[in-house]
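Two complexes follow with chain A in common, the first pairing it with chain B and the second with chain C.
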Partner chain A sequence: MNRFWAMVQNEVVKIVKKKRFYIVLLILAVLVPIFSYAQMRQSLERRESYGSDWRLEVQQAITDNQNSLSSDRVPQEWKVYRQIYIQQMQYYLDHDVNPNEPGGVTFTREFIDNSSTLFIPLMIMTIASDLVSSERTGGTIKMLLTRPVRRWKVLLSKVTALLMFVSLIVASAYLICYLISGLFFGFKGWTIPVFTGFVLNGSDVDLSFVQATPQWRYLLMQAGLVWFVGVVVALLAFMVSVLVRSTAASIVVMMAALISGSILTNMASAWTSAKYLFMVNLGLTEYLAGNPAPIQGMTLGFSLAVLAAWAAVSVIISFLVFTRRDVLT
Partner chain B sequence: MNSWKWIWRLSASLSAAATLALAAGFGYGAREMMFPRSNGMETASPAEAPLAQREPSKDDGSYRIAAIGDSLAKGTGDVTGQGFARRTAALLEPQSDTEKNGKNVHFLNNLGINGMTTQQLLGELEEPGVQYVLKEANLILLSIGANDLFQGGAALQTGTGAPAADSIERVLPEAESRLEQALDKLREINPSADIVYVGLYNPFGDIDALRETGNAGISKWNAAASALIAVRAGMTLTPTFDLFQRDTAAYLSFDHFHPNAAGYERIADRIVQGLR
Partner chain C sequence: MKQQTSGSVLHVRDLNKRIGRKTIIHSISFDVREGEIFGFLGPNGAGKTTTIRMLVGLIKPTAGTVEICGFDVQKQPEQALKYVGSIVENPEMYPYLTGWENLMHFARMQEEIGEDRIREVTELVHLGGRIHEKVRTYSLGMRQRLGIAQALLARPKLLILDEPTNGLDPKGIKEMRAFIRELAAGGLAVFVSSHLLSEIQLLCDRVAIIGGGRELAVGSVDELMGAGRGMVIWDVEPRDKALDLLRGYGDIVVVDSAGAAALEDAAAAMINARSVVTETPEERVPEVLDRMVREGIAVRGVHRVAPTLERLFLQMTEGEGIE
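On to the complex of A and B.
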């Protein structure tokens, strides 16, 4: 057992030495101020037209959406989306709760919501994609396999190190985002109520399960869901890294899958069997926010099951291939 | 070599802590989402909403304008999207230096919704958010009734011809009593605001087949509205019938039902004249 952790330690040191993790942190530290600044400009502009009264603003958003419902040019599924939005906003107004109370915590919540399907998986890929393939390109794989250790143990140590970094990336995304956006918007907002539990029936919203959750709990749930997505993406990228020889190719494969996912979620609502693809199921935080799923019939349970199945299959494939393949070069 | 050990210890302990917290969050979130608890609250009780119980805003010596009602209030047909509501606000704005001590103007909200009827207006007035806006305002511009009488200009678009005289006659009494309810409700929501009701015009004035029935129905409606408004304090009816009588086409937009920019400007002129 101690020997196994020594191997994990070896892998962790290798990842740190490659400096990929620092790059992830650096990207976050550069991007978050940019988005914070953009958000600040936006809210200043809004303040000009509505004063400081969020209630007037929310009511106007409701009215504008109601108006677009009567337009024939608006596609049906957008109407459903807007009907749901109207009902949720009305619920916020009914309870006199600001859905977008400005603050570092709210910004973090929204930033992670927007980055959970593409940005954070991308960060995870930068570490996961070359974990095995780089050993092959660098030729170090022979050193690795000539040691008196079973191959599956070698691979397991790599997966363990990878999962450790998934947690570190998700946690540091939250931390950096909160610290930087806090400088812009203040560090308050942990206890602001956020409504969760909007149950959607078509275009109707069942309000009987709605709970007022303090924002810190919301962030906790959100982080958990994002972490789950991260683990699944990491395992998939890891499999690709085992299968494909070149690191560049393995990054491209995963990027193509992720990007196709974000395109599909915008247009695949007519093709219902697309819901079994992993990439359209990455938006777990949408369920938490009460947004409608991209394809009918998708629920949180369904998405979790699909993602878990893809992850399990990719782990099995990784191990089978890695333990059986001849290493020639 | 020692520094690597430190890196390992640090990343191992940090990631262990992060993993525990994230896994706990995941379990918590998944449970909350998959087995939602009923909140045991009656869902529909907007009357008890905090927003509906607020006091109307205090007079701060400025115009605080809100518009509510149908597509005319919204400004449909105006290519600039301002409608009479925003145009009224612009006209009330102090124009020259001599007027600098005039009232400030805040345009709060335009709650106009295309196709709104008196029936829907009554429902809208129960919404806490709508009530909040109306309480904040001290000048409320109201346009309603055209969709009751004409079903949103459907008669023209479907080509079924004239809105039959008897159909206008039929809806008139009910629509009238709903207008009365709406006016009373507005007054109840905001006891002090000036309420300006924008009268109806006949969009079919230049179509011979439709002119007479339209004119008859609309004059009846305007007369009824005028009677309701005359007995209520702080309410005015701004007539628009004559504005669109002579050269109807010049002041209507392409849909031949809503005013165009020039038409809205004339309505706004009228409203401001009534306020000064």
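On to the complex of A and C.
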């Protein structure tokens, strides 16, 4: 057991010394201020057009969307989406809560919402994709596998280290986001109520389960879901890294899958069996925010199950291949 | 069925490897004993590296067994590999770690290797001064030494080195040989692969010769490539007369220029326009010399050189040749 943790330590040392994790932090530290600044400009602009009363702004958004509903040029799916949006906004208006209240916490929530399907998985991939393939390209796998340790233990130590880094990346995404956006918008906003529990029934929103959650609790739930998505993406990328020899190829494979996912979510509503693909199920936080699912019949439970199945299969494949394959190069 | 010789550290029986439909290793068997340096000789592409990979469990044999200190590498890898240190092909370490961190990395994978031991092997391979620098900055020779340090870390009984002098300068090669001999003198069994006959002759006690994935011979170095099969370079004048004289002997074979060109560099450097290269039994040399002098042939030099691997193969397969 001690030896196992020593091997996990090995993997952590390698990830840190390869400086991949610093790159992730650096990307966050560069991008978050850019988005924060953009957000700041946006709220300044809003203030100019609506004054200091946020109700005007929300009312305006509702009216705009209502107008577009009557237009023939707007596709049917978009109309569904807008109807839901209108109802949500109306709900906020009725309960006197500003959905766009600027603040470090709100910004963090929105930033993570937007980055959970592509940006955070991408950062996780920078670490997961070369965990095994780099040992093969570097030839160090020969040293690693000629030590008196069973191969599955070697792989398990890598998976363990990977899961630790997934947690660390999600945590640091939150932390960096909050700290930097806090400088722009202030560090307040933990207790602002956020409404969750919008249940979608076709084009109607069932409001009977809606409840106000303080933002900090919302963030916790969101973090759990983002972490889960991160773990699934990490395990998939890990499998690809076991199967593919070159790190570059393994990153490209995963990138293609993720990007195809975000394209599919925008156009696959007619092709319902696409809902079993992992890529279209990555937007778990959408369920929390009450946004409509990309494909009919998808629920939070469904998506969790699909993702868990994909993750389980990739773990099994990784272990089977890694423990049996001849190391030829 | 155990026919293990006493003191046998590595015991290989009927090793076969098939990839797809192609059999690349045919039934290789040999033993390596305690304290001996065992050579594994064959041209590039003969299957040396594939065999080595099977010895250390990187490749699963299609048939046959590899036992290290009595443990089957396939069935009990944790016990068997405990007794082996190896460098397969190039000594590849993590370039972004320091030498020390690399050794720590491999030490953590096994029990009972403390920092004392790491310091000890570092001293042993003379890396002390630069052990805390990144491996990226090491020369090939230093990487080779770090690789050996890593291999020795767990006090193995068997050391497997794949072409250990590859890419080293002449001084480095000499040091490496001396170092390997020192290790063997300490009771370690050393398995060395090479494609250079001279290398094996200078270093090894016993040798297995392989070609085309087949084992051609196993035995002591003296026995297999001893004096009787050596080559002689005659630096003589007039050349034609000497040629006629040499051809007169039944047991002397004159090597044509193509054969001479295949000599190892050190030997090839001795050849000039007057040279005649022959395969001559050692005991014939004084007699032939005597005759040459009597017949008025000026002998400027007689060098006995190691036969080339190609010649050896020819002798072994009796003209069958290797591809």
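Brief remarks follow.
One rule holds in what follows: the second predicted complex is superposed on the first by the 329 of 329 C-alpha atoms of A that agree within 3 Å, B and C clash if a C-alpha of one lies under 4 Å from a C-alpha of the other, contacts with A are read in each partner's own complex, and residues count from 1 in each chain.
Note that a contact is a pair of C-beta atoms (placed from the backbone, for glycine too) under 8 Å apart; a residue touches a chain by one contact, two chains touch by 3 or more.
Quick caveat, the model's predicted, so the values are computed rather than measured.
Once the complexes are laid over each other on chain A, chain B and chain C both fit without any clash. Figure note: vertex chain A, arms to chain B and chain C, all at CA centres after fitting on chain A; angle 160 degrees, rounded to a multiple of 10.
In the superposition on chain A, no contact is made by A:Ala312 with either chain B or chain C.
Applying the stated contact rule after C-alpha superposition, one finds that A:Asn67 touches chain B and leaves chain C untouched.
Contacts of A:Ala256 after superposition on the shared chain: neither chain B nor chain C is touched. In the superposition on chain A, contact is made by A:Arg147 with chain C only, not with chain B. Comparing chain C and chain B on the residues of chain A they touch gives the larger count to B. With both structures placed on the common chain, the touch criterion links A:Val327 to chain C but leaves chain B unconnected. By the document's definition of touching, both partners, chain B and chain C, reach A:Val13.
Taking the two complexes aligned on chain A, the least Cα distance separating chain B from chain C is 7 Å.
Overlap of the chain B and chain C interfaces on chain A: residues 9, 13.
Residues of chain A that touch chain B in their complex: 9, 12-13, 16, 51, 53, 55-56, 58-60, 62-63, 66-67, 70-71, 89-90, 93-96, 163-165, 167-168, 170-171, 196-197, 199, 207-211, 217, 220-225, 227-228, 287-288, 299-301, 304. Across the complex, chain A meets chain C through its residues 3, 6-7, 9-10, 13-14, 17-19, 138-140, 142-150, 324, 326-328.
Those residues of chain C whose C-beta lies close enough to touch chain A in the complex are 53, 56-60, 77-82, 84, 86, 88-90, 92-97, 101, 105-106, 108-111, 150, 154. Chain B makes touch with chain A in their complex at residues 4, 7-8, 11-12, 14-16, 18-19, 21-30, 32-34, 36-39, 41, 43, 46, 49-51, 74, 106, 108-115, 127-130, 132-133, 136.
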